[in-house]
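Look at the two complexes coming up: chain A is in both, with chain B in one and chain C in the other.
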Partner chain A sequence: MGLVGIATEKILSSFSVFLFLTIILLAVARRISTSVLLFSLQSAIITAEVLATGFQEKLASAYLVGILIFVIKVVAIPRAFFVLTKRLKTVHDVKASTTPSQSVFVVAVMIYLSYAAVHSYGGAVRAPGDSLAAAIALILTGAFLMVSRKKALMQVLGLLVMENGIFLAALLTTFGMPLVIEIGIFFDILMGLLLMGIFMFRISDTFEHLDVSKLRRLRG
Partner chain B sequence: MKIMVDILQLLLLILGAPLVRGIIARFKARLQKRRGASIWRPYVELFKLLRKEDLTPPTSSAVFRLAPVLLFGCTVCVAAFIPVAHVSALLGSRGDFFLLVYLLGLGRFSLSLGALDGGSAFGGMGASREALISSLAEVPFLMGLVALAILSSRADITGMVAWTLHQNIFNISTVHILAFTSLAMVVLAETGRMPVDNPTTHLELTMIHEGMLLEYSGPSLALIEWASAIKLHAMLALLIALFGPWGMAAGGSGWGLATALLLYCAKVTVLMVLLSVIESAAAKLRMYLVPDFLGVASAVSALAVIFTMWVKR
Partner chain C sequence: MIPVLGAGFILLFRNPRFATRAALLVGALEVLALGAVIWQVHLQGELQEGRYLRADALSAFFLMSIAFVSGIVLIYSSGYLRHTGEGRFSSPRWFYALVFMFLFTMISVCLSANLGLLWIMMEGTTLASALLVGFYNTEGAIEAGWKYLIVCTVGIAFALFGTIVLYLAAVKAGMSPASGLDWISLMNAAPGMALDPHLVKLAFVFVIVGYGTKIGFVPMHSWLPDAHAEAPTPISALLSAVLLNCAMYALMRYDVIVSRTVGPAFSHTLLLIFGVLSMVVAGLLILVQRNLKRLLAYSSIEHMGIIAIGLGLGGPLGLLGALLHTFNHSAAKSLLFFGAGNVRHNMGTLRIDGIQGISRTMPQTSAALVVGGLAIVGLPPFSLFISEFAILSEAFAQAHYLVAALFLIVLSVVFGGFAYHLFRMLCGKPGRRPENARLIPSEYISMGIAALCVLYFGVRIPHFFNVLLHEAMAVLR
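Now for the complex of A and B:
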């Protein structure tokens, strides 16, 4: 009991640091496969936070949610991404429109903004300020990834990172939503990924590339 | 007693430096499925060079002869600021981290001057590249150290180490992780290791550090090689002292010192394994991508400084 208790406390207090690190690395990553691995790592960190919250608040449903996240976000979605990149026969580059150091500066500003936004709520929520700031930074970074990367695959990944952030914010402020809603959201993500996968096949079939900045004219 | 310990620490940093190089080369060889040379080989090479004649180009001046001596002196001074097994150093609180950074800078400056004075085209090319990289690496190096200085409210390296030693090992703060990331990148660039510079190549188009040494021979070359080995060892020791000093002896007991020394060896071994894995896995960056690499380090270090505002620990 004692050791597990200490472990959960440490996870809740200092794991958000690793979330910041994954955010920064996502801004630097040049390859789609690296970004997908980073997303998987990020989801694993969030899984640990969910399990720790479940242990601390004695919520049985949190364990189920944790297992669901692990299966879907850490294993299934990255696998699906790897299959997609293989089938689409696309180049590995993410086609960033900013250089790595520019992206890191933008992400650094976003992390600063999220801290500034969370600062005033410090006493209002029971969650540690670091984690809440990490959640908001995840949402902002997801949006930034969607805007600045030209590969269609990366826009899906940006959306998933945003979803991670929203999930973490919900977890920290309300200790997780009801189980039915969680399952509904996971189903939503899976369906979204399926639809976008089909979309990408269509895009690459008609245009023979996945560069969203070049989708100017309609083709039948 | 205390001054003896400090001198021993400095000697460990200086005399152990070629061994560190040899062990890294051995690890790399093993990772690449080669047998590799003996780990004592750098010592043999140093002795061989020290016994040889010192040849200088006919066009060179006194700068060419003085540069290796100045470089060696600066590097030894830097090593004298870094605690190894005991929370003190020979020069200890006689200078702050700015002095440390710019002593390294002075060493680089003198070596670049010597390379330019040698008169070969490759020397000039290597010197200009070295100047570019060191000016880009200065920002993250200083900012990473500034973040730690703000956190510990001390400006000297031993003070920062003593402060970190009192913190709980498990309560890692955001600032420490960010500063470690940027300083680790700086160490790779400063010591001319793989993603930035290849220490084993003599290919004209890619060499940076090796380009400057082409005209040197005999004892001068030995001094430069030894100085760069000391620099590598001192930077690794600096990383350990700033980010993982737990286990260092604070008192004067012999047992404490012995265990601290053993722990230090273990930590250096871990870093050496990491370094050789990075060097075997990473490809050398193109020259024009190096500013991007160091730009990332600068951004991370800037973030570390900003975070000291929020993290009050």
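Now for the complex of A and C:
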């Protein structure tokens, strides 16, 4: 088989490792820009996986979805993040509530849990165990990021990582849902991000900061 | 057909300055259109439009709820907005445009035949209402809006995962990928999916957590008190009365599929757990509330718990009670929120200790609050008594004595709490003389309609409503 075929095989068998790498790096990232770049890299890896699957299974819709992911998650969203960071004049620190070593420990536990989960449900799906574990680990990491980072931008990033994980899980187990639904989901995510951007502007205008742990006026 | 109409009118609409009149017109048209759909469904059994839209008796029932509440909310808003200033995204124009987008997404939820479309539209409701929640641009409103957006989006992401797992189970059981998310096909193929109960159960767990976030089940309810309290009053009414019902509708659709596949025990047990938990926690928290709208928000959580218990019990009375309760709660809650809005407008604050003696200064509003308060705690002759009684009877009939006991205890606690708070507000020397305590026509009409409904339905249920109710129940069995 040709070069493309070999590349496809390599991608499919090893991409989960790269995803784990990005997860661990996200746990220790100290600047917002680094985290955004890692997210961009993650999305690029997922794009590669989508295109490789499309090539192998001869699914035309997979190509379209892959291109969509690339355009939206690898290019547009990170650009939007950078623009936002500049316009909001935020400090670059990620304001994590856990030290880097603690974060790595938590992420490692989560990776272990994802493998455990896949192992118990293992027979039900036809995807290789590694990739599914990667997807679940992404979801858990996204949740962890949302909880442990105090900047509004990082919360949104955590949400995006989570969506990445869910999307990957969907892709691996079912080779994608009907195309219209996928596009609808993308559209929703985009609108959601737009709204979050609007809100972030309002937060920084009203509160002069983007630290969501300080938004504690409403309680009880 | 109908959602497209709704959206189309919104676009027409950014231009005119006399937005309020246009809004009322569009609202009236919307209500008529919904009425037409409901009537057709009643005559024909069900309507199908293309691959993605479908209306059956259950949809018709919820659509009626939506039509009713949105009608009175629009009437109320026309008067309420007279004192809102301009601002980015904060003018009356934007208000109505956003409200109609919000309505569009909610109507589409009830009309979707495809679980994927259902999900997209549920996410859409969050997006459409987030700007409405943060409408006032105050510190509290922005915080509430952000929390709402984030928590609900995460919740919906979980629901997405659940939907995907269900799709997976369907495809594995042999359904074609294209129809794996179609509700009717899933209903028909349900017994076939019983070969893989674990996946279906997993799907339902994620779905109940996900959509439960939007319904306001404890412990996923953190956004609800903030959002309902900080939003403008008509929006709070819409959120409490309609959005929570739509989310419950989505959950119902999943519950039926899962019940057919692995038997009702699993999903119903989960529903009961969440329902009782929501009731108990919300009921207890009602006692310590200091803000009127937060009090009402926790009451909404409690009532959603009641509906969940009704669903979880199953059986004819349980289902009847649950469905009837969705409507009754909407009517009573709208009435209460309208009254609260009036209080806020006249007294300048919503803090319960800051409001005293309104029975003397604002007699009509306090009458509305009293009527609403009596209704919402479930006293006869109001309609909520009927639905709660039905659910309670079902609990006894099925020998779920613990559930019934908790139900009664929480209801008494809530009664006590409401009585306490209401008394503090009604009696005592009035602190501040409000400038204008009379109700203007828009408020009169909307509150009057809601109050009448609540009263009337407690005495007898109109025939047509009854028929629709039973048809909806038939779909759920």
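Going forward, the second predicted complex is superposed on the first by the 212 of 220 C-alpha atoms of A that agree within 3 Å, B and C clash if a C-alpha of one lies under 4 Å from a C-alpha of the other, contacts with A are read in each partner's own complex, and residues count from 1 in each chain.
The rule we apply is simple: contacts are C-beta pairs under 8 Å (C-beta built on N, C-alpha and C of every residue); 3 or more make two chains touch, one makes a residue touch a chain.
Only a predicted model underlies this, so the values are computations on that prediction, with no experimental measurement involved.
S.K.: In the superposed model on chain A, is it clash or fit for chain B and chain C?
M.R.: fit
S.K.: For the three-chain arrangement built by superposition, which of chain B and chain C touches the greater number of chain A residues?
M.R.: C
S.K.: Quick one: is A:L37 in contact with chain B, with chain C, with both, or with neither? Answer first, second, both or neither.
M.R.: neither
S.K.: Put simply, what angle do chain B and chain C open at chain A, by C-alpha centres, to the nearest 10°?
M.R.: For this superposition the angle at chain A equals 150 degrees.
S.K.: Once chain A of both complexes is superposed, is A:R202 in touch with chain B (first), chain C (second), both, or neither?
M.R.: Touch partner of A:R202: chain C, not chain B.
S.K.: In the superposed arrangement, does A:D130 touch chain B (first), chain C (second), both or neither?
M.R.: first
S.K.: Go through the superposed model and pick first if A:L59 touches only chain B, second if only chain C, both, or neither.
M.R.: It touches nothing on chain B or chain C.
S.K.: Upon superposition of the two complexes, what minimum C-alpha distance (Å) separates chain B from chain C?
M.R.: 23 Å.
S.K.: For chain A, which residues belong to both interfaces, chain B and chain C?
M.R.: Overlap of chain B and chain C footprints on chain A: empty.
S.K.: In their shared complex, at which residues does chain A touch chain B?
M.R.: Against chain B, the touching part of chain A is residues 10, 13-14, 16-18, 20-21, 24, 28, 99-101, 104-105, 107-108, 111-112, 115, 119, 129-130.
S.K.: For the complex, which residues does chain C have touching chain A?
M.R.: Those in contact with chain A are residues 52, 89, 114, 116-117, 119-120, 123-124, 126-127, 130-131, 134, 137-140, 142-147, 149-150, 153-154, 157, 160-161, 164, 167-168, 171-172, 177-178, 180-181, 196, 198-199, 202, 225-226, 229-230, 285, 288-290, 294.
S.K.: Given the complex with chain A, which residues does chain B contribute to the contact?
M.R.: 170-174, 177-178, 181, 291-292, 295-296, 298-300, 302-303, 306-307, 310
S.K.: Mind pulling up the chain A residues that touch chain C in the complex?
M.R.: My answer: residues 121, 124-125, 139, 143, 146, 152, 155-156, 159, 162-163, 166, 169-170, 173-175, 177-178, 180-181, 184-185, 187-188, 191-192, 195-196, 198-199, 202-203, 206-207, 212, 215, 217-218, 220.
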